[in-house]
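A quick write-up on the structure given underneath.
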Amino acid sequence: MPVSDISYRKRFLTKDNVYLPHLVMIEKIIDETPDTRTFHFNFKDKGLREEFPFKSGQFGEYSIFGIGEAPFCISSSPTRYDRLEFTVRRVGSLTNALHRLSVGAEIGFRGPYGNGFPLDLLEDKNLVFVAGGIGLAPLRSLIWNVIDNRDKYKNIDIIYGVRSPADLCFKYDLKNWDKDKSINMVTTVDKGDKTWKGRVGFVPQVLEEVAPSADNAVAIACGPPIMIRFTFPVLAKLGFTPEQMITTLEKRMKCGIGKCGRCNIGNLYVCRDGPVFTYAQIKDFISDEY
Amino acid sequence: MAQDSEWEPKLVGFLCRWCSYAGADLAGTSRKKYPANIGIIKVPCSGRVDPLFILKALRLGFDGVLVSGCHPGECHYQTGNYRARRKIALTKKFLEYMGIDPRRLQASWISASEGGKFTEVTTQVTKELKEAGPNELFADDK
Amino acid sequence: MTNREAEQRLRDEAKSLLESAKVDYIVGFADGSLKFHTTPLITRNKDDVDHLVINPFMASNLAKFLTELEGRVGIVAKGCDSRSIVSLVQDNKVSREKVVIVGIPCRGMINLSKIEQLAGKESDEIDDITRQGDKVVVKLDGSEKEIPVKEVLFDHCLACELPTPKEYDLLIDEPIPATPDEEASQAKINKLEELSHHERWRFWQNEFSRCIRCYACRNVCPACYCQRCFVEEAEPQWILSIPKWQDNLIFQIIRNIHLAGRCTDCGECERACPVNIPLRSLSKEMYDLVGELFRFKSGMEIDAAPLLTHYELEEAEDFFR
Amino acid sequence: MNQKISKKDISKLLDELGKEFKVFSPSRESGVTTFAEWDGRDSSFLEWYRNTVISPKAQLQPLYEKMFSFHKDKEGYHLELPPPTDKKLIFGIRPCDAKALTIIDKTFQDTYQDPYYLDKRKNTLLVGLGCTNPYDSCFCTSLGLSPTQSSDVDLMLTDIGDEFLIEAVTDRGIKLIKKTSYLKEATKTDEAKAEEARRQASSKVTRRLDTEDLAKRLLSSFDDQDFWEKVSNKCISCGICTLLCPTCYCFDISDELVKKEGSRFRSGDSCAFPVYTKMPMENPRLEKWRRVRQKVCHKYEFYPMSFEVIACSGCGRCIRLCPVNWDITQILASLPVKVKA
């Protein structure tokens, strides 16, 4: 029986079957780096786009039928209705398969899941974005969101670091933000090359040099665990309290809705209670299991 | 196991690139017709053939597997086919113990110059597999 | 030597190994928290060695822990365990110099499932089980029942070729000669061999439809030391993680092929299985095949080359075309 | 007034119930005890049944189940859900296993309703059978349970010799009694016998677990790596204790594709496996002691933090079935921090 038959789906106690994905189409594929791609997608049932509410920082479960399902954040901003995007680095079986897709491919999507960034908490604050590698993806959604409501927020610092110049994601966005006079954009690489004229150094180190003020500020950090582990102490040194530090975490999330069990940090599930946390929420566990 | 007479077995051949694969090539170019039932996978050496390949082929529904390498003493890597021999011998006997018809796993030594032998072997193996019938080992209904 | 004397000697030796810093760890058996069970004791603390025991319930193969522990290890080993250690040394997974093998001559381990079947009660309901020579005395509801020991030993113990370790640093008691009863040990396998191919495959299909993929068989096995098992490979994914009988069966077939020349017939896989799959009927068959085809016995000769890295110029040719 | 039924009539009762429900009762298949569909076989399980290796949870969250199937044609993918579940009745569930279901209900109802589990749960009646011969590995009484009484079932049976006393626990239970033959009114003597049976059964559960301040003690012990290394060293990281635990519910989701027809399945998963948390680039619980700590803390610290109930009903399977006799009650008794508030 086809799934579109609502009466059939209503046989369940609850609303709909949360595990059943929507069908979405890949509309455009952008090569970010040699191993990272951004996919623009839209619902096959085009009407669903209008009904699809999401917040920056939320994620979805994307699946290729026959291969499997994995979580990725939505990397576009909810303020930009023309597109939905997610960004994937090629590291495992599903991400490899995603990279083999071409425009027009049909995949499964369920979501949005997770809490997203606390926009109300960020209003009238100075914002410090700290990102490493593909960790810029969720922050990018938030950054565009903030830029599209620029008057609600104060100063913006963006510190973005990658291993080498070839690893820079969203170069087209970086260019925009660099031009924007209301944003202090700092890009750094661990190791430069002949063409690189920007900074060289690890993110936490550069953050310490840039030394944004903690006064009326919130820092939002996302990147590989090793970067996060070293970034929080630097922020603390700069005067940020655990409540002023926000991060978004990545774990192996199979169900996305707090049931399958594997993404916990203590009693919190990253998929259900996160993926956005303040450092205050997770500091008891972070050095240990993240 | 009702089967119509039209049914043709499908088999996978893991052929060593230095000998049996060239042998198959030779059979083709010298028009020694061999059965179309065989799908050929080129491997660097018969020693590369992991028993997993064999099980995976059977799981995917192929009716048989042929592993073919260089004659003993002629391995491009000196010892690969000797090692293959131990592995394949154990696998064959063990699969038979599990209850898999021994005709479903076959092995041969075919050199690059033995195009004729390749035709003979694949013809014979195909015939045996036809006798063995379709592979329903992993079918779900009991 | 009485059992108590042997136990005392074991504790003394273990203590002196730790005290003299000849080893970092002692690995042996202690009484378990359930009746008639032992549990592995892995310790660096010399006070713990007083918990070491010797009894007919030391079923585990402790060689399993050698590939996990760092440093020098003094390990209590029955004959079969010693074979696993030798096999690990051959495979370069364990360095002989880092292991002090404390050999325990073994008269066979008691299979509680067999006792339960004969007694019609589960082991926690039984009052006492003692071994007296060739008999096992089971006390139950105030009465005593004598059972010939051969009826309650593990199948693999019946076929034991090495009751006393051949490779050891210390031997705790007098060596015991081997008296393998291959026929009794082989009963289940012989029955299977009488079946047709089709019937045998159906038999295994049925057995493996119960498998829950807990991987206890793999994880208790000293020879299954791979850091990453093929079942966990994602690219390519050889088998699914769903416990369907087809994939369960492939897992077990390949596992046994991987263990050719490593399996010492210690029977741990079958003992650990929570759903009673006769796994030894697979591993013993492979063990015998290795012996028949290549005259190789795993873990017997420490200088032997591992089975699958070695070959003879002429062998196992008959089915090659 | 409570009812009773003669043990001789149990087969007939199950036959009768079988007309309305898929009835599951204890069964021994190839030496493994489990709950299997009643097929009119004899009721000899009443003699040997203590508890099953495979818990009745498997009827609600099977070891693996199809979530939906998919196939592709010119128009793209089509997804199809499995057919609705049958009405089931589990006969003979022990109070510990019934409690376990109440415990995991919390997870499956939390935030998002889990349709697969809850659909089966809603359509399943539980007929409890008091436990008169607990294992030496059982410790249900330490978790506030009684081996013979339960509020987590629809009907509760207590062994009073040749008969079972039957109490209706829920409205569904009362309805069931009304349409069931073979029942008689229980007498005062029967009630007294049942009371005595309950008293005896409770005293047979001897294993203890001190749950006082347990979550707090675990929290204080969380960072004690030496302790966790020591208690985990003999663990072989197999999935027995988790996959067979009635309160463990973790699962994996994976696809199977054969030619163009495929299905998405979910199957039991275990925090004991290193791959459970493995991500392509890192694994937060690669070391064995972290996984053991997660298992213990999840059950006795994190779950109570989230749902105010310990995720354990003391069925003892994890102790009984462990190949190395790893014993959770011993581990918890040896926690380094023994704070008493």
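The first chain written gets the first letter, and so on, giving A, B, C and D; residue counts start at 1 in each chain.
Assume contacts are C-beta pairs under 8 Å (C-beta built on N, C-alpha and C of every residue); 3 or more make two chains touch, one makes a residue touch a chain.
Note that this is a predicted model, so its numbers are computed, not measured.
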## Note on the structure
More Cb-Cb contact pairs, comparing C-D against A-C, go to C-D
### Query
Counting in whole Å, what is the centre-to-centre distance of subunit C and subunit D, each centre being its mean C-alpha position?
31
### Message
So the centre of each chain is just the mean of its C-alpha atoms; given that, what is the distance between subunit A and subunit B in Å?
### Response
49
### Summary
Averaging C-alpha coordinates per chain, one finds the centres of subunit A and subunit D separated by a number of Å equal to 38
### Message
Could you pull out the residues of subunit A that touch at least 2 other chains?
### Response
92
### Task
Can you tell me which residues of subunit D touch two or more of the remaining chains?
252, 254, 256, 269
### Task
Would you mind listing the residues of subunit B that make contact with two or more other chains?
none
#### Entry: Pairs of chains in contact (touch as defined earlier), listed by label
A-C, A-D, B-C, C-D
### Task
Name, in rising order, each residue of subunit D that touches subunit A in their complex.
67-68, 70, 72, 76-81, 84, 107-108, 110-116, 118-119, 122, 222-223, 249-257, 262, 264, 266, 269, 271, 276-282, 284-285, 290, 294, 297-298, 301-303, 305-306
### Task
Would you tell me which residues of subunit C are touching subunit D in their complex?
32-35, 37-42, 60, 64-65, 68, 113, 122, 124-125, 206-207, 210, 212-216, 218-220, 232, 240-244, 268, 271-272, 274-276
### Task
Report the residues of subunit C in contact with subunit B in the complex, numbered from low to high.
192-193, 195-205, 230, 238-239, 246, 249-250, 253-254, 256-257, 260, 282, 285-286, 289-290, 293-294, 307-309, 311, 313-317, 319-321
### Message
Under the definition above, what is the set of subunit A residues touching subunit D in their complex?
### Response
1-3, 8-9, 11-15, 17-21, 23, 44, 63, 65-69, 91-92, 95, 106, 108, 224-225, 250-252, 254-255, 257-262, 264, 266-267, 272, 284, 288-290
## Note on the structure
The answer for subunit B against subunit C in the complex is residues 51-52, 55-56, 59, 72-73, 79, 82-83, 85-87, 89-102, 106-109, 121, 124, 137-138, 140, 142
